[in-house]
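Okay, so subunit A shows up in both of these, paired with subunit B first and subunit C after.
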Partner chain A sequence: MLIKENIALSENGFVFNPSTGDSFTMNNTGKEVIMMIKEGKDLNRITELMAEKYDVDRNTLERYLADFLNDLNVYNLLEEEK
Partner chain B sequence: MSKQLFERPTITRLTPGVPSKHGAASVIAPMPLIDGVKVDDLIDQFGSPLYIFSEREMRKSMEEIKRAFSVRYHKTQMAWSYKTNYLDSICRIFHQEGSWAEVVSGFEYDKAIKNGVKGENIIFNGPGKSASDLEKAARNGSFIHIDHMDELFLLSDICNSKEIEARVALRVNMDIGINPRWDRFGLNYENGEAWDAINRIMINPRLKLMGLHTHIGTYMMSTDSYRIAATKLADLAYNISVKFEYYIAYIDLGGGFASRNTLKGAYLSGEDTTPSFDEYAEAITSALINSRIRPDKLPTLILETGRAIIDNAGYLAGTVIANKRLSDGKRATIIDIGVNILFTAFWYDHKIHPVNSHSGLVEETAIFGPLCMNIDVVRSSLMFPALKRGDRIVITKTGAYNITQSQQFINLRPAIVLIGINRQVHVIRQAEILDDIVKNELIPDYLA
Partner chain C sequence: MSRRKVTVAVTGLNNIDSPGPGIPVIRGIRESADLDARIIGLAYEHLEPGIYMKDLVDKTYMIPYPAEGKDALFERLMEIHSKEALDIIIPNFDAELFSFIKLEKKLAEAGIKTYLPSIQQFEERNKSNLSAYGDKYGITVPRGTEVFSIQDMNNTLRSMNYPVMVKGKYYDAYTAHSFEQAASYFEKLTAKWGFPVIIQEYIRGTEVNIVALGDGEGNLIACVPMRKQYITDKGKAWGGITIDDDSLHQLARKIFSLTKWKGGMELELIRSSSNELYLIEINPRIPAWVYLAVGAGQNIPEALVKLTLGIDVKPFTRYDVGKMFVRYSYDMIVDLELFSRLTTTGEL
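The block that comes next holds the complex of A and B.
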């Protein structure tokens, strides 16, 4: 799972896709997750780190992380799995 | 170290330069408290969803409307519109504030009597009064507002056969410069039917004409319409005084003042566009004062305002059941509040607040209720924060019509609590249980 190389990420949570011209904004948790993906962390590790930091049960967390990754896919921000 | 509150991660596409249909971004403030009471505590104790009423808001609205009219006109009387919300506790608060009862059925009439309202302080409106309703109201000295000629003749027959008298008023409909014209209730001003009925009442020894009534519409945003209506009723009252040397006791302008909810399809928020009580009061009272009625014979002004004084006082709290993505990519959030308990979702774009704080980032969302029916749409589209299953929400301005028009449908209806002036919480109607629904059912022997 990798963010496409050409995608620009700002620390403030703005995302720009130069190939489509689309820009996006994220909430804090979205920003954290995308930064972790960019750092190369896998889904298990991200889930672990988020569970340590936030008051959320494992099922809910996994469900909404999957949802978020689906959003990233829909918006064409992730490298296609090979 | 305690853990942080989790908000589900979201990403939203920006469309610079093109405002969305929602216009500029607006802040959706969390609503953790209602009248100083924690919404989370209320839901923990009484369940979700939950109707919540604020006594403080009700009394405040009553104070505002009474002040707006009484500073401009010497004789104003409020009459609580039972159909807007006839929970006994709610009615009693308004009766304590000096309101009479305005009822539109025998059922509502009996409820008003049960709430301790004297017969002579009940206004009986509506097109569907039965013969027994009419006789009871006449015997109690209530004000019977005649809706059609058939009712006038029926009441006259009852009074003759029972040798009783009735205090009556005539409901009049008229052109007030708006469309659609509300002409299905009462008798028409322009075509002369109202004047004809007035003459029939005046020559009937058993009917005493006490007043004239109109109800020009519902959620009326135009104060000028009230000015026209008050002027026309005052003209009728003047004509009666000229022809019969008789002065009616009251003019009843009905209800219909808009609340601060936003009507579906309205471009601007109801918060910004709804006239104030002062604006309505100015239009109505100046029309009466400037009429040809002698100043010492000016009638009492009766108002049957319901929606505008109870809507703000009602809240509906609930819980997020699920989130999903629709085929067009839009978010959908399913909550445990359906249109069966939020009937006004068909009329208004209700404001929905999360109970607890959120990051401030919002995304376009549809809010659906829990009913397995396609019509169960609370908001078809709004900018809403990223709530997750179990998060709680509050829908505001739900005090008018949602209790009286709620249906038991698919789910049982929730409890209703009242937050008193002293912030004590009182259950004013318990949540329904299965037995409430089936207790009147009968099963034929062969199915037993």
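The block that comes next holds the complex of A and C.
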């Protein structure tokens, strides 16, 4: 799972896809997840870290993360799996 | 180094809600560090806003509508030339290009340079010839047919699914969801632009446009793709952003290399949901959003003037990605005296 190399992410959570011109604003948790993906962390590790940091049950967290990754994919921000 | 003096005549001063490219072209030329341009506006209507923008346009002359024919245009241009000693004319309307291309040689003999495609290049990219263009150059285009009557259109629509695009000969395009809608657009378009009307397959997806400049030898001198971010009810970009997509550059290079297009061009494309790139229209001139390219690092109007003057221009190699333009409207206050002088003498 990788964020496309050319995707620009600013400190305030603004994401710009230079290939399509699409831009998005992330809330803080979205930004954290994207940063972790950019750092090369896999889904299990991201789930662990988010579960440690936030008061959320595991099932809900996994569902939110799955939805979020699906959104990233739909909006063409993830590299296609080889 | 001193800047080269040049007198440039420019059309398309209609900086309105469906803007002509004249004013952004002039802004680009004015920003050149190498050119010291005197700008002569050529206008068809007395209320084209550019006429009154005195910081951009030094003098404006009225010229006859293309419908009056190329001889009337040439005669008027010679009158203007005798007063202004024009070096270059940059025509910016599709509807006038035919006349200017036909007059290219006579203008050159009179000492006025232009930088235009050939008639054959101009004709083959016509909206009504787009299917053949796609076949000839191996470019994906939507299915399209030209129609000359409502009956004709009815027959065409029987083999198509709605919605369809209904397009005018030169400008304007509407999405029709039924035959009744298509018929009303047909009437509207023929009243404004004449025949034929083009019926085109509707492609769902994201619209991206490219402004490009070719040297007539197959080289792409400038190329900036833009995604529309804010679109008016006339389908015009009121805001846009430069993007970086190599497939767009490849397509532009392919078109310019195969067609050896000379001059400015706008490619209108749609990236379908299945990621396929459709060429939906080729405009044979610089588009009104060209100032975005200038702001992003490719001063296309300046490059066009230099090429016209015979100055060597190296192809641009970069531009800023993520540079945006936001258009705005602005009210100028104009004294009646200026308007009356223009309407009575044909110049201002």
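Everything that follows uses one rule, which is that the second predicted complex is superposed on the first by the 82 of 82 C-alpha atoms of A that agree within 3 Å, B and C clash if a C-alpha of one lies under 4 Å from a C-alpha of the other, contacts with A are read in each partner's own complex, and residues count from 1 in each chain.
Heads up, the rule we're going with is that a contact is a pair of C-beta atoms (placed from the backbone, for glycine too) under 8 Å apart; a residue touches a chain by one contact, two chains touch by 3 or more.
Note that the structure is a prediction, hence the values are computed from the model and not measured.
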Requested in this report: Considering only touches as defined above, state whether A:12 meets subunit B (first), subunit C (second), both or neither.
Outcome: neither
Query raised in the report: When the two structures are overlaid on chain A, which partner does A:21 contact: first (subunit B), second (subunit C), both, or neither?
Result: second
Requested in this report: Quick one: classify A:54 as touching subunit B (first), subunit C (second), both or neither.
Outcome: first
**Report entry** Partner, of subunit C and subunit B, that touches more residues belonging to subunit A
**Finding:** B
Requested in this report: Have a look at where A:70 lands relative to subunit B and subunit C in the superposition and call it first, second, both or neither.
Outcome: first
Requested in this report: Look at A:44 in the shared chain and tell me whether it touches subunit B only, subunit C only, both, or neither; answer first, second, both or neither.
Outcome: neither
Query raised in the report: Which parts of subunit A are in contact with subunit B and also with subunit C?
Result: 22
Query - Sites on subunit B touched by subunit A in the complex - result: 2-14, 16, 323, 325, 329, 359-361, 386, 388-390
Query raised in the report: Which of the residues in subunit C come into contact with subunit A in the complex?
Result: 206, 208, 226-227, 229, 240-245, 271, 321-322
Query raised in the report: In the complex of these two chains, what residues of subunit A are touching subunit B?
Result: 15, 22-30, 32-34, 50, 52-56, 60-61, 63-65, 67-68, 70-72, 74-75, 77
Query raised in the report: Which bits of subunit A are touching subunit C when the two form their complex?
Result: 6, 8, 16, 18-22
